[in-house]
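Shared between the two complexes below is subunit A, which pairs with subunit B and subunit C, respectively.
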Partner chain A sequence: MSATADFAAALPRVLGSRTVQRGVLGMVLLVAVWEGVARGFALPAYTLPAVSAILVNIVDSWAVLAPAASYTLTESLLGYGVGSLIGIALAGLITLVPRARAAILPVATAINSVPVVAWSPLILLWFGIGIASKVVMVALAVSFTVFLSALAGFDRVDRRAADLMRSFGAGRLSVLWRLRLPTALPLIAAGMRVSTVRAIIVAIVTEMLGAYDGIGWVIYQAVLQVDFVRVWSAIFVASAISLAFFGLVSFCERRLIFWT
Partner chain B sequence: MPVATHHKGSSEPASGAAAPEFPAAAVPPLLDLRGLSKTFGAVQALGNFTATIQPGEFVTVVGPSGCGKSTLFNIVSGLEEPDAGGVVRFQGASVMAADLLGRVSFMPQRDLLLPWRTVIDNAVLALDVEGAPRKAAREQARAMLPEFGLAGFGDQYPSQLSGGMRQRVALMRTFLFKRELMLLDEPFGALDALTRTMMQRWLLDVWQTHKRTILFITHDVDEALFLGDRVIVMSARPGRVKLEQKVDLPRPRPAEVVISPEFIRLKRTLLEAIEEEAMKSFLAPGADGATTTEVR
Partner chain C sequence: MSGALVASPASRPETMSLALLAPLWRFARGLFWLAVVLAVAEGLIVLFGVRPYYVPRPSVVIGAILATPTPYVQGFLRTLSETLLGFASGAVFGIGIGVLFFRARALRELVFPIFIVSQTIPVIAFGALVVLWFGNTLVAKAAISFYLTFFPVTVNTLLGLEGVDPRQEALMRSFGASRFKLLTHLQLPSALPQIFVALRLASALALVGALVGEWFGDTVGLGVLLLQGMYNENVVAIWAAIAVCALLGTGLYAAVSMIEKWLVFWGAEQ
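Now for the complex of A and B:
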């Protein structure tokens, strides 16, 4: 695919940029200080393990971490996809049927006026300990953000452009598809980009409250076994997943929305 | 020859909104507007506007800013209904304005090109809306590129084009939406003088090969005279027909026609009528073109 080729071509340029170099430098400094403090003060592993110890642990427990990571990633991606679709579809519905706005908007806001995590006991009760409850939680968290940004995007359309489409005989659906959706794409994409990190967080937190697998479950188990190095390993892996997900979505956004 | 009736200058306050005495009504008019009014809240944009357009005619409309030109176009393109009492007849039948949606080819002031579509795909937008097969539509548009001075630019995006080229893409989009009546709302208003002159000459060529009926808004008297078979001068708000002036300059019109005595004579007549109205709209409370943008 040309997308992967482009991605590969973009890598050296990205790595060569000054911002990225500074970012890497910051990371290296942080790791160095962390390593120095942990080793220098001979802190016990349950207070703060050394970075090197964590990295070694990641390699050692790869057999546990890798499937857990892929489990969490699956939940997040599924929930992310479902949630994004729901958000865009609801915003589209409101745009097509303006009367639906008064019915949908207050309900959506009410559901989202409490932290999403507050719903997790109920969602776990209704959808079980398996993957379904995590997907639902992630979808819930993602859909609202995407919904709001899509709605703002659909409303942002130039009225004169919409009038022009109407003069060509276009109906509401045609205007939505040919004009409003592309106009809204930059905002929708921004909402989706912000939602990536949120998706992973919600998946992990829900796993910690009840699951058979996943990074959150690994963390929970490790805490029970007082294995804090394992906790750190899981956190590192989760962080890496988040960054990769965010980077991938940002990359798709830049490629897809070339006109802004 | 009918020009002779209008003869010689003087601000002869126009044959006005009275029934136009245009050529032998052998052919029924394509568009027949009778007594159109439009009120927005406290503002009356149009007041008793009456005019007819013959098939194949190029009619230009001039008037002071804020005289309701755009409101007139919004009605004829179907976007807005006139107040009760006005009659719109199109191709011989009385219609609601909304019935005209999709039947009149409308080009607004701004080019309104979609930045995510290439030149070709912008040009075929109306065909796309109609559900025409995309491949055939694109081929048709591609064949028209040279005529519109866009050869080799078919796959560019609007952001890569100059103002004049963007306007030509918008015109191409309007021409490709094959309707007998085309409404052009100050299409060259945003262009520099030189480009504008080129575009006017080019538009006449295109009009003569494609044989459409054009209703063209402008606030430039030279443009109105150079292009039109007939010029309609609108009054200050509420807009009505102040003067209808037949333009009998021979076609094809060379660029030098603008310095011919006949052209100058017609221009004087029009300017007098327009200035009178511009002064009115300038003095009218809260109606000066600088602070109130044209009522739509």
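Now for the complex of A and C:
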């Protein structure tokens, strides 16, 4: 399952320094081609609206999009926090009480063997279409990834270092706090960074099945009204919050974990 | 593997049959534990009197599937074909683009950021558009699976190709290997373990894509069954659909892992 870790490790490496300029150039080219194709072939909005039309629509419907975005962001952040805590706590519990591994690991694997979106109808029935169901879904999606990376991190500790601390009379808890947690933090942070985009996508997916507000709800309404420029506006906004969230977590990661 | 190589010819058939039996044995053991877990769950639900609205007894769920197996079998096959189509095309595209990016650095730097941004688009919003573009067809669902599959495969192909030992490359070059030979005989095989890490992850994502794609007004499929269960507030039906989804997801994962064992016989990346 180091796929997530590799995945996360890949991003900064692939995004080198000089690459930024070319990346921006690529984006500009994409927007230009998109605009050109949409305008040039006079494509109808349901096929592909022009970028400029989408941007204008974002500004026009800001009164709808901004509250929806903050609603979705609240759900995602709450679920993200809860899910990360659960994941780290479970991994810590397994490390402290090795016996618990036999009970927790199979249950976690079984829950995770179901594709996460398949849980959403059930969670919506259980927790209603308010904010609670989205928080639960995001927590569910985030906790497993963080759990796996935290477990891998805790297990990565050099046995000799742990034995040394033990020989000086450190208890299990002390070894966990002073040795295992600092060693595991880079991996935990990588798992959390990968989970950011996932958190927002899961919140939006759950919103589309039933909600009072949020980006997913806006998209659903727009699809029903066959307003595809609005769909694209919501997609742009969702993409922007995902990137901002990802950037924020990466920034915190670099600030907090200075020793790697 | 080393055991098989060292073994004397007389003992080889035995090793072979053991190697064939091992997965079967593991499968049987898995089934046994699944049965135990289901029995324990059944006992706990009866013991604590959990209301069927939350968690119905496993026997009721299995009974519901057996009572009307047709929609579940049809849904399973439909979702399976969507997932496989999307997964296969995504894997091929991902590996191809990975190789292309490896070869053409400028192209990678131009296109890679767009790929990253594309992955922040909520799949379900994309679903609405794709269904509009392709109509309500199998291809539309496969397109969403494809969209979720290709990115991790591209990233890990690139990582694997870049991780090749430069001394091995230099050695092959010095013997006059062409760039194509280098790719097929050294770089791709070295990258395979990394690629399979991504393929295992992508098998789960491809299934998610197919399920979500079916939410846009299809009539057959596991995603449809989930949605119908929700609208009818039929918790047993939802659990039944979830169970079939888990079966499909686990089966895909196991299939990819088996291909990995067979292809990457020198040891997989964890």
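In the analysis below, the second predicted complex is superposed on the first by the 243 of 260 C-alpha atoms of A that agree within 3 Å, B and C clash if a C-alpha of one lies under 4 Å from a C-alpha of the other, contacts with A are read in each partner's own complex, and residues count from 1 in each chain.
Simple rule for what comes next: contacts are C-beta pairs under 8 Å (C-beta built on N, C-alpha and C of every residue); 3 or more make two chains touch, one makes a residue touch a chain.
Note that the coordinates shown come from a computational prediction; the quantities given were computed from them, not determined experimentally.
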Exercise. Which partner does A:A161 contact after superposing on A: first (subunit B), second (subunit C), both, neither?
Worked result: first
For this session: Classify the contacts of A:S174 with the two partner chains as first (subunit B alone), second (subunit C alone), both, or neither.
Result: first
Exercise. Touching A:V37 in the superposition: subunit B (first), subunit C (second), both, neither?
Worked result: neither
For this session: Between subunit B and subunit C, pick out the one touching the greater number of residues of subunit A.
Result: C
For this session: Examine A:A66 and indicate which partner it touches, taking first as subunit B and second as subunit C; both and neither are also allowed.
Result: neither
Problem set entry | subunit B and subunit C footprints on subunit A, overlapping residues | none
Seminar exercise, completed: Within their complex, subunit A touches subunit B through residues 158, 160-161, 163-170, 174, 178-179, 182, 258-260
Exercise. Quick one: in the complex, what on subunit A touches subunit C?
Worked result: 1-4, 6-7, 10-11, 14-15, 18-19, 22-27, 29-30, 46-47, 106, 110, 113-119, 121-122, 124-126, 197, 200-201, 204-205, 208-209, 215-216, 219, 223, 228, 231, 234-235, 238-239, 242-243, 246
Problem set entry | subunit B - residues contacting subunit A, complex | 74, 77-79, 101-104, 106, 108, 110, 112, 114-116, 125-126, 128-130, 157, 159, 177
Seminar exercise, completed: Listed in rising order, subunit C residues that touch subunit A in their complex are 33, 37, 54, 106, 108-114, 116-117, 119-126, 128-129, 132-133, 152, 155-156, 158-159, 194, 197-198, 200-201, 204, 207-208, 211-212, 215, 222, 226-227, 229-230, 233, 235, 238-239, 241-242, 245-246, 249-250, 253, 269-270
